[in-house]
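Okay, so subunit A shows up in both of these, paired with subunit B first and subunit C after.
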Partner chain A sequence: MAFENHEEGHFTVVRIDESRLDASVAEVFKTYVFDLIEEGRSNIVVDLAEVRFMDSTGLSVLVAGLKKLSGNGSFSLACAQPAVRDLFDLTSMDKLFKLHGSVAEAVKGS
Partner chain B sequence: MNILIVEDARDQRLMLSIVLKKQGHQVLEAENGIKALEILQEYQDVRIIISDWMMPGMDGLELLRQTRKTDLGRYIYFILLTGNADHEAVVEGMNDGADDFLAKPVNFDELAARLKAGIRIIELEKQLEQQNKQLIEAIQTVEKDLESAAKAQEVLLAQPTTIQHVAFDWFFKPSKILGGDMFGYQAIDGETLGFYQLDVAGHGIPSALFSFTLNNILSETSGRGSIIKETLDHEPFYKVRAPEKVLASLNRRFQVTPESMLYFTIAYGLINSRTGQVTLSQAGHPKPLWIHREKAYVEPVAGGGVPIGMMPDMEYTSCTLQFRPGDRLFLYSDGVTECENAESEQFGETRLLQCLQDTLNDDLKSVIDQVEKNVRDWSELDRFDDDVTYLLLEWKP
Partner chain C sequence: MSQVLKLEIDSQLSNTRLVAMAVRGVCAMTTLSPVEINRLELCLVEIVNNAIEHAYDNEAGHPVEVCVSMNKTTMNISVSDWGQSIPDDVMQNKTEMVVDPEQPEVWLCSGRGLHIVNKLMDQVTYESNQDKNSFIMKKELRH
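Here is the complex of A and B:
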């Protein structure tokens, strides 16, 4: 599975190098993000630029990450592509996450 | 251990037999390959063959090939006796599945040692066979239970019917034996009908169990515990709860932990069978499609809403649609539009809209069948990767 992360200021940018965030990669991604949070990273930006398709399981791991932080930090999403943006619209994800057009915008002010 | 000796020379066969019996083995004898095969079929406890190579009729190598080719239901450990240390013969024997070789004349100490190795393998094989048998039995039990559960799920599904001039029909196909999709409809009072279609994230047993629970909760219309109907202390002693309140209430009841993300999307609505007024509330569900029959167009009903169970304290909204006689509403799970063809292209909302547009004047059953046909033709597979469910209702006062 292709995930990587790097620090930008006090943000941890997690990049998903997969075209699909679905049941086949969701569990691995969840472990990856949970590990980061358990290591103490608390301001996480998920870069979705490569993700062309996301299903309900993919969506659920993003929410799981948000819940894992339980308010102690921030969990935002950047660069959602059209199909993913449609899913976010349908499920009103703007009520749960800050959605950014770019990683630069997400880490602004850091 | 039961050993079969195959040797055409009578004296040599006898000698081997005596030595092996002395070592405590059960021994059977055959003078050629054909006889040996008969014995193998007849005596199921034979697990080791010691066979001469050169024999009239069927030789040792052919016997070896036949043994490997035949389904005997058990593994036979095969030791070939070779007249000389012919290298090519050994290679040929190995290729055909011989387990070991013994040079003639037979050294009995070596024979004992080689048999010991063979017995070790057979014991391991027996253990594996036993474990396999237990596994198969266990799987059969689980499969039987799953089939019973699937039957139970089918019983939960409402039958196509007409209630108070509102006709309902549907399609339901779980991707595995059990699905996480569910739907339902019923009269709540003399003029109000409730209907819903939901999709629990994931598939399989946990999702299915959750969908069973939700079906129970959403079909409970009486008593103080009812989520869709409030009890009042004064006339008329009840109030049909607004769809957005039903969703908020479900959301309060089911909150997931970060570890288990079992949430669901739903479209829940009420239809007044007298006036044709529809109130619809959604939580992250694909947009229901309003089929205007008279004006001949299909309109997605926007809704939004966070899926139920993701986050506490969410508010939901509902919209009101004034149906004209003959108007229809199509509720569906994302398994319909996300169904992919061989090129990984999704069926999509546009094709679904077109299909409903093309079937404006068909009866409900024909519409249900046509959508199924279009989705199946698209996927070109017998099975679906996700649960595929849709519910169609029509107001015909």
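Here is the complex of A and C:
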């Protein structure tokens, strides 16, 4: 399985065990995240530590998750690698997401 | 004298990473920095995905050709398909995308890939000759 999740306090941490979050896996990841939200998980942290490359389709899935939870929980990101941080900067998506340095920091909500 | 590498994949999104990896390898031979190589890979992936998703409507079994040519000063990457061409209004839309945290309804607007490419490449051209559409990206190299 390319994705797994576990609970840390009030948060559901979703780990992506893929080096690329791109158009070829985006739909599967979207279904995975949406299923979690529909099961009632409302505070999600996506751990991007393994993701070395993300395209605009991968980014759109994260936006879709954020939008689905909008106002009813939290959707944040942790451990974004340089190319991923660059994509957020280029697209100004850093205005929408909290990019945490670590999962520990994200679940503290700092 | 320029060097040319020509690659062809079948129109499936899982194949995009193959050309991405190959072009990364070529970029490693140039003066491009790691950040520039990442950005060039991003541009290539966006345009190859665009060809698969829009020119061929996500239908497998069609060719997508990637041609990389370079000399001491310039790298040109063309992505060609034989499907539906990109509408003129889409190509000409250079409006900067604004992200407003207070307006979730516009967060998911499409076309982000082309905006990224327009922002990062030194020159972008698009041409259709007979059935072949080519998206050509130019990047200057330091020397």
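Just so it is clear, the second predicted complex is superposed on the first by the 107 of 110 C-alpha atoms of A that agree within 3 Å, B and C clash if a C-alpha of one lies under 4 Å from a C-alpha of the other, contacts with A are read in each partner's own complex, and residues count from 1 in each chain.
Note that in this section a residue touches a chain if its C-beta (ideal position, glycine included) is under 8 Å from a C-beta of that chain, and two chains touch if they have at least 3 such contacts.
No experiment lies behind these values; they were computed from the predicted model shown.
A.B. asks: Subunit A superposed: clash or fit between subunit B and subunit C?
C.D. replies: Result for subunit B and subunit C: clash.
A.B. asks: Using the touch definition from the top, say if A:S102 reaches subunit B (first), subunit C (second), both or neither.
C.D. replies: A:S102 contacts neither subunit B nor subunit C.
A.B. asks: Which one hits more subunit A residues, subunit B or subunit C?
C.D. replies: Of the two chains, more subunit A residues are contacted by C.
A.B. asks: Let me test your reading of the model: by the given contact rule, A:D89 touches which partner, first (subunit B), second (subunit C), both or neither?
C.D. replies: Touch partner of A:D89: subunit B, not subunit C.
A.B. asks: State whether A:T31 touches subunit B only (first), subunit C only (second), both chains, or neither.
C.D. replies: neither
A.B. asks: Touching A:V63 in the superposition: subunit B (first), subunit C (second), both, neither?
C.D. replies: A:V63: touches subunit B and subunit C.
A.B. asks: So the two structures are superposed on chain A. Out of 164-172, 236-244 or 290-298, which stretch of subunit B collides with subunit C?
C.D. replies: Only one listed stretch clashes with subunit C, namely 164-172.
A.B. asks: In the superposed view, which residues of subunit A touch subunit B and also subunit C?
C.D. replies: Overlap of subunit B and subunit C footprints on subunit A: residues 23, 55-57, 59-60, 63-64, 67, 90-93, 95-96.
A.B. asks: What residues on subunit C touch subunit A, complex-wise?
C.D. replies: Those in contact with subunit A are residues 12-14, 16-17, 20, 35, 38-39, 41-42, 45-46, 49, 53, 97-101, 104, 107-108, 112-113, 115-116, 119-120.
A.B. asks: Okay, in this complex, where on subunit B does subunit A touch?
C.D. replies: Counting only subunit B, the residues touching subunit A are 199, 201-202, 256-259, 261, 263, 265, 284-287, 304-307, 310-311, 314, 334, 338, 386.
A.B. asks: So in the complex, which bits of subunit A are touching subunit B?
C.D. replies: Residue positions touching the partner: 23, 34, 55-57, 59-61, 63-65, 67-68, 89-93, 95-96.
A.B. asks: So in the complex, the part of subunit A that touches subunit C is made up of which residues?
C.D. replies: Spelled out, the residues of subunit A in touch with subunit C are 20, 22-24, 53, 55-57, 59-60, 63-64, 66-67, 70, 82-83, 86-87, 90-93, 95-96.
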